[in-house]
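Note that the chains take the letters A, B, C, D and E in the order they are written out, and that residue 1 is the start of every chain.
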Amino acid sequence: MSSVPYLSILIWLPILAGLGLAFIPKLGAGIPKGLASLVALATLIVTGTITALFLTGDAGFSLQQQLNWIPNMGISYFVGVDSMAAWMMLLTAFLALIAVLISKPKERDAQFFGLLLCLEGTLFGIFSSLDLVLFYVFFELSLVPVALMILGWGSGDKGKVALRYVATLFAGSLLMLVGMAILASRANVVDGLPTFNALKLQELVDTKGLWANSWPLQALAFWGFMVAFLVKSPVVPMHRWLNDTYEDAPIGAVVAGVVLKVGTFGMFRFCLPLFPDACRVYAPVVVALGVVGILYGGILAIIQKTPGRVMGFSTISHVGFILVGLFSLNHAGMMGAAFQQFNHGIAAAAVFVLLSFLAERTPAKNLSELGGLKKSMPIFSTLFLIAMLTNLGLPFTGGFIGEFLSLVGAYMAGFTGANGLSVIWVYLAAFGAILSAGYMLYLYQRMFYGKKQETAEFKDLTLHETLIGGTFAILILVLGILPMTLLHSMEPKIDALGRPFQMTHSASGSAAPAGSGATARLVSNSSAPVGEVKLP
Amino acid sequence: MDWLHNLSPAIQDVLSAIGRAILAIIPIFAPVPVIIWYERRLLSWMQDRIGPNRTGNITFSRTSKMVPSFLRGKKFKLFGLAQSIADGLKLFTKEDIMPDKTDRVLFILAPLIALFVALTLGCTIPFGGDIRFTPVADVNVGMLVILAISSLGAYSTVLAGYSSNNKYSLMGGLRASAQLISYELAMGIALAAMVMNSGSLRMTDIVKSQDAPLYGVVSFIPNWNVFTPMGFISAIVFGVCMIAETNRPPFDLPEAENELVAGYHTEYSTKRWGIFMMAEYMAMFTFSMIFATVFLGGYHFPIRWDVLAPYENMYLVGVVVMLTKGAVGLTVYIWVRATFPRLRYDQLMNLGWKFLLPLAVVNLMITATWIFAAKVYGPMAAWMVGLVCYGVLFIVWAAIRHQAKKTQPQFQSRSVNMVNSPRRVLDVVPNKEVTP
Amino acid sequence: MAYIGLSLFMFSTGVVGVVIRRNPIVIFMCIELMLNAVNLAFLSFARYRYATEGHSLNQAIGGPMMVIFVMAVAAAEVAVGLGIIMAIYRLKEEVDVDELNLLGG
Amino acid sequence: MKTLFALPDFNWGVLLPFLILAFTGIFGLLVLLVNPKANSKVIRTVTISGGLVALVSQFALFGGEYRSMGDMVMKTNPGMIGEVLILISLVVVVLISKPYLERTASDSPEFYPLLCWAALGGMIMCSSDNLLCIFVGLELLSISLYVLAGLNKRSKFSQEAALKYFLLGAFATGFFLYGIAFLYGASGNLSLDGFSTAPLHSGTDNRPLFYLSFALIMVGIGFKCGLVPFHQWIPDVYSGAPTNVVAFMATGAKVGPFIALYNIIMAVPTMSAIAVPICVALSILSMVVGNVMAFSQRDVKKILAYSSMVNAGYMLIYLAGLMKGHMAGAFPFGYFLLGYVFATLGVFVILAQISGRDASPITLQSLRGLSQRSPGLAALLVIFVLSQIGIGPVAGFVAKLIFVNGLIEANQSWMAIVLLANSAFAAFYYLKILKAAYSSEEEGAAIQFENGIESKIALAVCTVGVVGSVIFYSPIYHFITAR
Amino acid sequence: MKLTPELIIFAMLAGPAALAAVGVVAFGSAIRSALCLVFNFFLLAFLYFTLSMDMPGISQIVVYSGAIMVLFVFVIMLLNPKLIEERKDLKRPFGIAFGVVLFGILASQVLPVLGFEGAKPVVHQIGSPNVIGDALFSSYVFPFEVISILLLVGVVGSVFLAKRRTD
């Protein structure tokens, strides 16, 4: 590629624009929104172009840019993008544009849009940074705009919500810092130089036996990373921040669509390549967590009283599917997880965008105050139905592809008993899929049919809103009918990620930590390599 | 006396020290009645009156068999010398009055501290070249001992004032302590210049350093410190501070009778009052001798006799010379008392802090420069440098003085604003508060 | 080294005074007592250990030097400390350390 | 030409920053002497320029190690970083002082010379390993600060703060001195080298003396650094003293003790058997108690006070790790101080701009609505607080990262985890500050801002320090550690 | 332990000094505490003399007894503080216990190490003003200069704090 630092521009343009907006207190009405949508549109175009580069399928990282930052500790400003990151960035840019378009803050709109752009920039940073420290910086930094937006423009008990949001995620991520430091110090031992460069570390893992004779450290570092990502995802014991944030954040769409995906994205990006042994050993634990999430989310979603909370628990459930697929550690499961990761971004965001349209019409949040919307808002109800169907995983919507592939992968892993997985988890997860149909339909029934409330008199969506909702509906259908575009472009990457787990007896340094008990268990469990599954 | 020699040397030392201390006290104690009489007589002479001249005039009986025959009918005039003794007897036999609600311990302690200070102040003053002629010990920090002991003097006045449970006493005590602290500084620095000059803190060394030909040239006059420029200025500063330290007029504000009754000793009477008085006179005498030691060549004669004949072994001459110099100092004390009116409190403080202290400090610095120049470039250069410094000092002082006179507050003519004056400007600016 | 024993005793007494007394001036005096205990320790160490044979003058002089500096510092500290106490007495009539609780702690 | 005294070698270049600072203060006094009614404008200008010149002369020294005046002056890392930080905080505090002092009607011209000399004391602490010198520097710093804490003579808060600070400070000095006395008794040495010769001393076994002296010195230094059993003064003094003075107290005045702490701990490797447990215990206490106490505070300055204790705990636990790990820790330590100083200074600069005229403590309540009235200030507050928490590309984060990395390389992962757990907990109360600033002004106190250009410069300096030290980490590192 | 003359002199000085130290803490009135302290300092000076430390001893009298304590007494008188009645609260037994424990710890650590060694003859005349002055102006000249600034701070600070408000 050329020498133009596209990624840096992508990261820093929104952040600087956002800071600029935040510092300029008084602008004419509408100008901040206009500026913000311009910037968001520009980023969308750039990310679209970048994603187009990866349509052909490419396992490597392109558009790399590396600058020295803290050389004596091997920290650099190192960005680069691969296919999965490209898709996630495209999603980010898209949702950011949508969020700018649908937001109508009552006051301080310059600050609001500034923070939104900052959030977008930090998310780009997360997806494109190839240096652990840089990743961590953006990972933490992305908390701040969300928290400030909740504080300034949220509803409900916003102080508490914002506090809980930042504090939980921050606490979770601090362990990641320990993990990073362990990685760097192991690199120091193995290579003579500490480094936080993810590619370099991966190379060390693959070729120089970074983890030789240091199983407890690897486990510690792995869980350091995993805790951070699991909290972010979130999985069940650490999920409390999510529902409040969904309800009270003024930009639930972006939170639901992208921010959560950072967790699973981080697992793809760092956990799988850097901790192969630990991934294998702890895969059952993570899968179990995922299944627990699926069931817990599904069951609790049924009894929730507001649409926002229903969606919150449904998200927990969906994240469970991603985890199950991801930690099947075979091709099909990982493909499913990667697809679901993108798809759920669209699906959840669609619901939230539509809910925000509804929220403009009524302050009522409670489902008992809603009802009979079907009559007065036909367009709305149609679009909502489509968004809902993809969430429950109906064929021909994106949701089906993701969940199905994940379950297939998990089944295969469980059937062969690879990595200590068991088929029973798949059955439980599949039961979760049925639950999702239950709570979604129940939600739809309560909102659109049922007792006629005063809400029935609302006006239907305006043209502007219809266009936005329609875009989502089209995207959902496209993803369901033509999933191959996405899958093909990600396939080489997934192959590369999955390779260590299919060659358990290979000579790669990572798989042969001599003499540790963990290794012995590893070898005995992974009896046979898992065959590839052809895509539908 | 064998048992004495059988004691261990340390105990012998202790005993001899005690003995010397007693010997040191008596010469200072004994002259007090004489000093008091001297002051009263001299004052009255200066004020053109008579003073105590009767007490002690004795006319022996012509007839009594008890009187030896050669004394019968003889008249003896003591010129009132017995007056002080009579006063003392009276004071020690009067009824002891202690006011109600005093702090008894402190009330009794205060005069004792004063006495202690007065007695020990002179413990390092040499009365002769030999070590035996220093009352207690000719220690290597002799000058500092004097400063240390004199600084303790503040406690007596402060405690007396505090414990008396009397407003005036308290004021007097406060004034006394403030005054003592203020003047101690200048005194110490003035002495420090002299210490630098002679290069030692030992009193005999200081005296010895003054036994050189004057300016190294005039062989028969000793080079007393008071003859050198820095010594002269130090002597002025020290002299003033010395008077202030002993609470003598014109610095007797702690006992200014027209303001504070009698200051810190308002409530004192009888022997305690007497002790205060005694301590004061003893301190005067001792300070005079300190002055003599530091500035007037100590036990040396004003003319260098050794040019004519050596007198190194005539120690008694030294003692006599010392006492004489002390008497001269006393005379100056009394003379000053008779001459100057009492200072106002602010004048006192201004004199101490704004004149004496800067003068002493600058003098110290010039002395240092002088010594440096003398050691490095020789005495002639030192003289030139020193005199230039003093010249600059004087010019600066004159300039400041001139400036101060110009800026002294003067009565300003009041301008009257007409009621309907057209040029009336309100210069009230509202507080600006920038709100963003 | 009975001197050190005395020094320890004075130091502990000073600490007790600081803890139990409530008049700031007395507390301050107890602190001075502690400083003097320190001085005594310095001097006796210097005399008994380092002014004797087998030690350099440079070692031996450290104790007395420290004492001189402590005295100078104490003088400055006293000037400032008493200034502070006077200033606070001007604002409040009575100063009891236990009742200085405007700041809540 | 003969010389009178055998003077030690004067390296005037090394002494230059000290001299400039000392004479800046004296010049301020002379201005007062010539014209007692002079307003403080001249003095302030002189002080700022003096600080800047000293800063330049200090920068010229980087890239070497110097000794002067025998062993009294020793310029090494991180002492030189500390000196630069002290000078910067001096300049920044002088910059923000004018509007604040005028508002609270306590604009005394003595403020500036005293501040100069306090900075001088801190710098002397930074650049000596002779305990006599450290003691003298410490006292110069403390005594100036005692006076400055009572700067506002009308305010009971200020006076009370001064008295508390003074009494407890003098008390701690006693312990510090007793420690020095025992060190001297054991080794005949006033220099910190005395510790390194600990068990080697001939004759009797002096180890108890060394242990005792270390413990007592830690009490004294711990007081100044705000380690926990000796922390009682910090919250009250921070809360009561004038805000601009606290800005210096929390930054410039902390640097000297911290560097002295570093030097002391680096000097005792032979005694790590006793030193490490003491340090670990103190640091964990500091972190935990600081965090717990800060949690329920409503007074912003008290929150910052407790947070300074927590930061002291971080530094001490890092030093404990260094003692076990035997690695060079000068630069990370200096960098942590840098992050701490700039972030704290920034917060105080903002607080000084919004605190009212009655000089009463600043509560969280009075921060409400900051983002509505001055969004720029609020945004900067976010940056500084983030640096305190350790989020984002700010100095606080990188500093913590370096610490964690160093601890793990020294094989002390548990210390790293303790550090991080505490910083996670700390996030809660830092966020409360942000929460107050970003919540809307429902019943918020009316605040007037009087921003001069000088305050803006001060803010810019702090921001550049917090962000720039991260972006230009590598040049800074090479500049400082170049030999 | 032999009863030497040095020990007798020491006991004669140290006993009252220790009593005076206790008196500082025990007396209810500030002025009596101050006097006890003066007495203590005065005796300490003589203890210094017995250690053949002339210069520090005499400075002790000049600086502590003569200057610092006079200031104390002066301030006590100026403020004439009401007798703060010492309440018998928990602080008192706690403080005393703390002091006893502190003394116990320090003494048990220090005294066995030192023992009661007799004084060896003095080689370096470190108590004499000449030696001290020489050191002050040679190897200790840097802290000496710093002290000058420190005293300046003391002067400026106390003047600033003590002067009355000008309004």
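Keep this in mind: a contact is a pair of C-beta atoms (placed from the backbone, for glycine too) under 8 Å apart; a residue touches a chain by one contact, two chains touch by 3 or more.
All values derive from a computational prediction rather than experimental measurement.
> Which chain has its C-alpha centre farthest away from the C-alpha centre of subunit B?
Most distant chain from subunit B: A.
> Please tell me whether C-E or C-D has the greater number of C-beta pairs in contact.
Higher C-beta contact count between the two pairs: C-E.
> Based on mean C-alpha positions, which chain is nearest the centroid of every protein C-alpha shown?
D
> Looking at C-alpha means, what's the farthest chain from subunit E?
A
> Report the inter-chain centroid distance for subunit A and subunit E in whole angstrom, where each centroid is the mean of the CA atoms.
Each chain's C-alpha centroid was found; their separation is 70 Å.
> Which integer distance in Å separates the CA centroid of subunit A from that of subunit B?
That pair's centroid distance is 92 Å.
> I'd like to verify one number: the distance from the centre of subunit A to the centre of subunit D, where each centre is the average of its C-alpha atoms, in whole angstrom.
42
> Can you give the whole-Å distance between the Cα centres of subunit A and subunit C?
Chain centres of subunit A and subunit C, defined by C-alpha means, are spaced 64 Å apart.
> Could you check subunit C for residues that touch two or more other chains and list them?
4, 11, 14-15, 28, 46, 50, 55, 60, 63, 65, 69, 73, 76-77, 80, 83-85, 87, 95
> What residues in subunit B touch two or more of the other chains?
436
> Enumerate the residues of subunit E that touch no fewer than two other chains.
Answer for subunit E, listing residues that touch two or more other chains: 55, 59, 67, 71, 78, 106, 110, 114-115, 139-140, 143, 147, 150, 153-154, 157, 160-161.
> Can you tell me which positions in subunit E touch subunit C when the two form their complex?
It is residues 7, 10, 14, 17-18, 21-22, 24-25, 30, 33-34, 37, 40-41, 44, 47-48, 51-53, 55-56, 59-60, 63-64, 67-68, 71-72, 75-76, 78-79, 81-82, 84, 86-87, 91-92, 94-96, 98-100, 102-103, 106-107, 110-111, 114-117, 119-124, 126-127, 131-132, 135-136, 139-140, 143, 147, 150-151, 153-155, 157-162, 164 of subunit E that touch subunit C.
> Okay, in this complex, where on subunit D does subunit A touch?
So the residues of subunit D in touch with subunit A come to 371-372, 374-376, 379, 382, 386, 389-393, 397-398, 400-402, 404-405, 407-409, 413, 416-417, 420-421, 423-425, 427-428, 431-432, 434-435, 438-440, 473-474, 477.
> Under the definition above, what is the set of subunit C residues touching subunit D in their complex?
4, 11, 14-15, 18, 24, 27-28, 31, 34-35, 37-38, 41-42, 45-46, 49-50, 55, 59-60, 62-63, 65-66, 69-70, 73, 76-77, 80-81, 83-85, 87-88, 91-92, 95, 97, 100, 102-105
> What residues on subunit B touch subunit E, complex-wise?
Of all residues in subunit B, those touching subunit E are 8, 10-11, 14, 103, 105-106, 109, 139-141, 144-145, 147-149, 151-152, 154-155, 158-159, 161-162, 170, 173-174, 177-178, 180-181, 184, 201.
> Under the definition above, what is the set of subunit D residues touching subunit E in their complex?
5-8, 22, 25-26, 29, 68-70, 72-73, 108, 110, 113-114, 117, 120-121, 124, 132-133, 136-137, 139-140, 143-144, 146-147, 150, 153-154, 182, 185, 204-206, 208-209, 211-212
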